[in-house]
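Handing you this structure, nothing more for now.
Labels for the chains are A, B, C and D, by order of writing; each one numbers its residues from 1.
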Amino acid sequence: MSETPTTEHSTSDHPEGNRKESRHNTEDYRPKDYQAGADYLAEYNAEFPLMSPKTDLTRWKIGPFHASLPASMILNLVLDGEVISRCSVETGFLHKGLEKALELSPWSSLVPYADHLDPENAVFGELVVCTAVEEIAALEVPLRARVIRLILSELTRISAHLSYTVRLARSVGSDTIVHYVLRDRERILDLFELLTGSRFSLNFLRFGGVKADVTEGFIERVLEICELIKIRLKEYNDIFTYNFSFTRRTYGVAVLPVDMIQKCGITGPNARASGIILDLRKSSPALGYDRIDFQVPIGRGESGALGDIHDRYLVRLREIGQSIEILKQLTEIIPPGDFLEKKLENDIKIPTGEAYSQVESPRGLLGCHIVSDGSGSPNRVQFRTPTISNLLCIPELIPGTRIEDLPVVLASLDLGIAEADR
Amino acid sequence: MEKTLLSQHLNRLLKDKVLEIVPFGRSSLMTVWIEAKSLLEVSRILKEDPELCLDWLENLSVAQLDQMFAVSYFLRSYRKQNSLVLRLSAVPQNMKSKIKIDSIASFWPMGRPMELEAEDLFGVHFEKTKAEKLEKSEKQKDDRASRDGGDAIREGEFQPKLLPSGWGGYPLRKNYVFPGRQ
Amino acid sequence: MAQYLRAIGAGAVSIAGTCLTAVPYLFRWGELHKEVTEGYPDPVSSKTSDDLPPRSRGLLVNDIDHCTGCGDCRKICPVQCIHLEVEPQADDSKVWVSRFDIDNSKCMFCGLCVEVCLPGSLNHTRQFEGAAYELSQLTSSFGKGQVTAEQKAKWAAKRESNKKKEGL
Amino acid sequence: MNTLDASAKLWTSEWCRALGFLDGVPTWFYFFLALVFTYCFVVIPSGSVLSYLDRKLSADLQARVGPNQAGPAGILQPIADFLKLLQKQSTEKSNWREDVWLSIHTMALYSTLAVMPLGTFALMLDTEMSAFLPFWSALVLALGTMLLGFSQGTVPGWFGGMRIAAQTMAGSFPALMGLLCTGVRTGSFQWSQLATIQGFSPLSWTVFSNPFQTIACLVFVTSGLVLSATPPLDGGLSMSDIHGGVASQLHGRKYSLYRFGRFYVFFLWSVITVVLFLGAWILPLEVSRFLSDKGANRILSILELILLLFKTFAVMLTVIWIARVNPRSRVDQITSLAWKVLSPFSLIALVGASLWMGWRNLG
């Protein structure tokens, strides 16, 4: 459907069609040096645009659904041959009204809703909400619960980076590694199911702790999976990371320079791949990583260009390795004791106040600003999501690449459109 | 920077533009209340001050407390450990009208999508400065998009459009009525 | 020239190495290289509800005899998928839960309702197959049924008499 | 035309008699019958067998099971696929340009059945030109695909068509040079000559006759992949950015026609590779002499066909194996591979092979 370059399609994904009307007007594109005037429009063939009088540049509108897009959004490309010369991005197709829903629902349902902020990294949505609420209400989290939270978040980080690998491999058309990686991610989802009873929407964290203690054998299985993933990482390197075709498609493509990162506010692995050491796990002791010995992998520019697609991929692979180290240490230091201060009440009230909490999610810095007015539901819950910054850099990053690189570049940026649109 | 040092420094820098410096919730952050009209000047000072070096707008949050809208800018520095919350309040003429605040996108470009979101959902219109508008129109003189008005898509931009154009009301305001629930 | 030849050699070696990495899978050598597909409706290899971990959150079930009709679950549900109607019974401490519907198409299986259920009547089953042919079949009803007007009047009369007794 | 008449008659008349046809039907009928026979009993079964093997092989490589529902071990899956594609109807409005180009390119494509070398008795066109004719199929396929893409008027069609054309242009030169290398050894481009100069034992195959022929064989296979846009060198059919290029607008029966044409070029190319370099259909000398002495030409041709198809499948499965585990290359990288790597090496192979032959003849 969406590959037809000009005709406007699905107006049904938005309640009102007139939003699209305005877009229609800008449908044709004239290069700046085109002088023919009004007769251009008369000859313009709307059904088969490529049969219109030839101009140097082609306009191609991709989206909202297309194989090369990692999520639903619209890309307006101006193509010079196969090279993209300009591009604009439009999102908002997955707007769920999450922030409004959180305002309307009681405090107790904050956590299950926060799962849906970014379904892939459900724990981080819960974590950021819980940390903020605990700060407002001055709730103390037992040490055991903190460690369980850290174990869950590191497992999620591994799973998120594995699915990143899947998306990147799919975009370059490598099928086999996709199946290997998904197989291993499945083991992590099994662990979530064992601990929380659900694979994606965990609903496990509570204000002041976690819902339940670890089940029997959970810690052993975590260690088992750490060992397994370690073996698998080597296999991924053999089959994919340093594959000739893959490196040829990623070395030096779509380099994110440092000034663009600072201009767009990019955080997380994307920023670290360009050599910026920016990790809340190290800089913010409140997250509880201060007792753990680990490194923050940054891009090393092995391909000759620091911050290209391959660097972004390698940083994530190395982060998986570091997460395994963290998990091993966490399983050693997990203390006995309570896992929750007090059980969930039906109509829980949080005192008046506000808090801004940050966590280091797999995509970058995830922040949450919660304002409470002392009533049964929050006054305002606002999320600062890393994907917004990643989207902001696309119009500057993409021009100059070929359209075959477009899916690879988009996949390498790790866009979680669910959290960008909320 | 130390908390007390920071507030002293801010008082020295901004002089009478600061209304109040209070702690942000229970955290170690400082909230600097300013007036809406002095926003651009304060932003310029904060960004260009070599000691503060607040070159990163981490978050932009709007919250409604009764009739009053509080706009908070969470500022941070890439190179230094500084961070603070810049906050201003605005009251719309009535609950259906837009609020106009100056846009800080010329200082912190990463704030633009968040501003657009707030505009969609809260009806807080972040006005671009005249210089910026001029630059934009220079750049897109030939483009049909600019002739069609502000709603059209422009090249080289990221636009989050959380609501269809012409959507009635601002969903995140407290008095918002859901369609079909009058 | 040397660089050109080296690049060709590196490419050939890398592609051959990649192909060889997949060879163990071809012959299923060892535990690590087994196939992992689980056929879904296949009774031999697929997961049944018994294979699920103990905390698995499946479709909800309400043991209506123990349900007190307090409505805590309805209040806490983030998506408002529980519809509850109760009638006061003859005995003041008891209620008749005439309608207890869970809309499975809305339910997000968060499990909050199970957590707050005081009598412990609401529980998760291990059942995870909720597909149905009609929309109405997606609602699972546990209510005891609507009460007739006669019965209502009877109970009301009894309550009145109870009150009078107490008053006396 | 003599060879044509003779071989077509020789090959098909046996079958006609076996099937109860009368003797004395015209030559063109034999010829037609041979084409239909080749298509129905060689190409289509090979396609279905190979699609099954492809699925199973990639499933095994990817730690999956693969087709397992249709028939025992999913062996009926190709038939199920075919039936499904027949049922599908196009949702798009029919586009006459598309129909025209699709049918033209299909007709041109299958005309190369006439030169398909399938055994000693299954050579319909055995002239000095016959080895060059398959280029016709690849070039026509590229042209047809390009025009098909242009006629669709969509961006994927446009770019898919352009890329296919560019790839074929880039790949045809080294492929031609690789073919010339074998001609240097044989001194002829007749299929029968190209085949009979080799033997059953691998040592007598052209590919191992001298190092330059080995280079020529590798270049020939790789440039064949470039030429026919077969994975892993199928930038023009890339799924991730342009939805498979030209195929993105084709549905149902049209798609199956197009898709099978793609397979046919790949198959044809592998058959030619086997005939040129990998010992063709040549059985051990004792076997073929014994059978021809007995006059059992039918059994002989069947055995030859089996050997040829076995080798062809081996070549094709190797290519599929490489394609499954390696990422897809970008189209500009593919064309640069063809121009900058394959072309120089094919020239080296040609010069080297000529000098080798000359030196041996002098010695």
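The working rule: a residue touches a chain if its C-beta (ideal position, glycine included) is under 8 Å from a C-beta of that chain, and two chains touch if they have at least 3 such contacts.
Here the structure is a predicted model, which is why all the values come from computation and not from measurement.
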**Request:** Starting from the Cα centroid of subunit B, hunt down the chain whose centroid lies farthest away.
**Result:** D
**Complete:** Of all chain pairs, the one with the most contacts is A-B
**Asked** Roughly how many whole angstrom separate the Cα centroids of subunit B and subunit C?
**Response** 43
**Asked** In angstrom, rounded to a whole number, how far apart do the mean CA points of subunit C and subunit D lie?
**Response** 54
**Asked** What is the distance in Å between the mean C-alpha positions of subunit A and subunit B?
**Response** 24
**Complete:** Each of the following residues of subunit A touches two or more other chains, namely 176, 183, 239-240, 243, 245
**Residue list for subunit C, restricted to those that touch at least two other chains** = 15, 18, 21-22, 36
**Request:** Enumerate the residues of subunit B that touch no fewer than two other chains.
**Result:** none
**Message:** Using the definition of touching given at the top, classify the network of chains in this structure as line, ring, star, complete or other.
**Reply:** other
**Prompt:** What are the touching chain pairs in this one?
**Reply:** A-B, A-C, A-D, C-D
**Message:** Show me the residue ranges of subunit B that touch subunit A in the complex, using the header's touch definition.
**Reply:** 24-27, 29, 55-59, 61-65, 72, 74, 78, 85, 108-110, 112-114, 121, 142, 144-145, 148-149, 151-167, 171-172, 176
**Item:** Of subunit A, residues touching subunit D in the complex
**Value:** 3-5, 47-51, 58, 60, 66-68, 82, 169-180, 183, 239-240, 243, 245-246, 248-249, 402-408
**Complete:** Seen from subunit A, its contact residues with subunit C in the complex are 105-106, 108-109, 112-113, 115, 176, 183, 186, 193-198, 201, 203, 211-212, 215, 231, 235, 238-240, 242-245, 343-347
**Request:** Please name which positions on subunit A make contact with subunit B in the complex.
**Result:** 14-16, 18-19, 22-23, 25-26, 28, 30, 32, 76, 78, 86-92, 95, 97, 99-100, 103, 135-136, 138, 262-265, 276, 278, 353-356, 365, 367, 369, 371, 373, 379-380, 382, 384, 388-389, 391-392, 394-396, 399, 420-422
**Message:** Show me the residue ranges of subunit D that touch subunit A in the complex, using the header's touch definition.
**Reply:** 58, 61-64, 150, 153-156, 158-159, 232, 235, 238-243, 248, 324-333
